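Here subunit A shows up in two complexes: once beside subunit B, once beside subunit C.
Up next, the complex of A and B:
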């Protein structure tokens, strides 16, 4: 530490050590908070329509499903001192003959820590994303909706989870253009 | 001209003595560690990570300001060398001739050639 340059390097070197340890401890504190958000989803309406897909000039036709639903959720427990924002999404899970495991996101939302309320009460909203199946048709398959979340911390790794009680009763994709109440 | 160059070189180098180096290292260790601990506790207790950030940044700036420049209190015990003219007599007998005494850790030590 005899010259200014050496002292500069020494202080910076020790600073990186301290910062890394501090960041690790902050990241570990995230795991001490219980994260058990609650949510319930009620499906109001499911519609399947046929639309042209694959671009402007394509003549290929796909079936698209659109869902209207109510959502009541309380994400308060996901917020602690290390939460920057959370990302929540609702996905539809359904089976199939050729491709038995399918999951598609129909709605999502980012709620920053600065948001005034961490509770969501959404009435009869339309899914943000029309989903379509890889085979091009839904063919009366059973599906369920489920809410999942990510916590983006200030320091640390992305945390993942799902709300178990948010899983809806299974519903059936209706025929094209027909509508059925669930 | 050379005097100005030397002065400029001294400012750039910022040499400090051995006691000062020890002190500078201790100050680095303690201020950075304490600011990290205080910052963590303040942020954790208030559940606001911004406090942690600012307290640690303040501690860092303080440490750089306190340690990097060659402040006068780092040069309180400069090394005093024996003058080059004090020795030089060589009697040739075993063990050498005593040419003076210096103080090491509070004890007087005889210096032989």
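Up next, the complex of A and C:
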């Protein structure tokens, strides 16, 4: 049977096979590039303010923590030909009574592969998200900041990692309105 | 076409129907096996909205994994909100691990975990998307998996199929005819 239909079917089948194999090879090459970004965070200021949570929350007062920090980072090594973008974020990790482990993202950024520079130098940046705990209270708990990354490929496996050297010394969320220079 | 059908012997016709059934059940069993391995009711999902752009666009295919439910912030999770039919693919922004009760710590390997999520492309976190009064999603009850791998655009055909029901009818009809009319 050599009808045009059979030919069309075969061409389509071949196309799928070839693109599948090609995509798999491209996805596998991602593993051959070493990924070792560097980053350092310096905390400048930590403050806790009490205020009514906006719109959709109840009328009760909640504590919000604001952090100001410097960031120096080099993400060059995360980029290879299969990198579409990277997503980097700084999170605060802290303990608690009812919830013993907590982690909250305070700042994040998408850096696409087309970005001219893969290095970041940020001075005295205010956290993008002011941290608001599930219990509504922050004061006097210990916390550390850390930078992590996620590589989004054009095709294949998403990769995650953290920069160990970016972990800051532990700091204490101060009482409401009191400020802590760290 | 009808003449082609009538040219078959009944036995041959039945064999074709059996063949068709076999293809359907194989596809179904593969999907269910994948579901078992990944521990997710829906191990492969298609992105339906632009809320995670530029990482994911509409029609991209995502592969999920749901074993070991200790989700980290920054992970991209897929979750179902009660009363909404479409699963949401967003990134975890905050996590709070609670102390398991005595009863819970016996029955499960991981302590209960609450997550707040946000789409990369959205200005606000997802509290507005949750059911009224809900501020966090429950890792165990609402999340159906965490995104591990990505293939662009391939899932767009399912968007076409679901948004244009006529296309679905036509495609299914043609596929069915092919299988039945195909001679070995």
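Throughout what follows, the second predicted complex is superposed on the first by the 177 of 182 C-alpha atoms of A that agree within 3 Å, B and C clash if a C-alpha of one lies under 4 Å from a C-alpha of the other, contacts with A are read in each partner's own complex, and residues count from 1 in each chain.
Here is the rule we go by: a residue touches a chain if its C-beta (ideal position, glycine included) is under 8 Å from a C-beta of that chain, and two chains touch if they have at least 3 such contacts.
Everything numeric here is computed off the predicted structure, so don't read it as measured data.
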item: First (subunit B), second (subunit C), both or neither touched by A:154; value: both
item: Partner chain in contact with A:21 - subunit B first, subunit C second, else both or neither; value: first
item: Which partner, subunit B or subunit C, touches more subunit A residues; value: C
item: First (subunit B), second (subunit C), both or neither touched by A:10; value: first
item: First (subunit B), second (subunit C), both or neither touched by A:82; value: first
item: Partner chain in contact with A:29 - subunit B first, subunit C second, else both or neither; value: first
item: Touched partner set for A:115, first subunit B, second subunit C, both or neither; value: neither
item: Footprint overlap on subunit A, comparing subunit B with subunit C; value: 154-155
item: Subunit A contact footprint on subunit C (complex, rising order); value: 54-55, 72-76, 91, 93-99, 114, 120, 125, 127-128, 135-136, 147-152
item: Residue ranges of subunit B touching subunit A (in the complex, touch as defined); value: 12-16, 21, 24-25, 28-29, 32-33, 36, 39-40, 43-44, 46-49, 52, 56, 60, 63-64, 67-70
item: Touch list for subunit A against partner subunit B, complex; value: 1-5, 7-8, 10-11, 14-15, 18-19, 21-22, 25-26, 29, 80-82, 154-155
item: Residues on subunit A engaged by subunit C in the complex (per definition of touch); value: 23, 27, 56-57, 84-85, 87, 89, 91, 98-105, 110, 112, 129, 131, 133-134, 148, 150, 152-158, 160
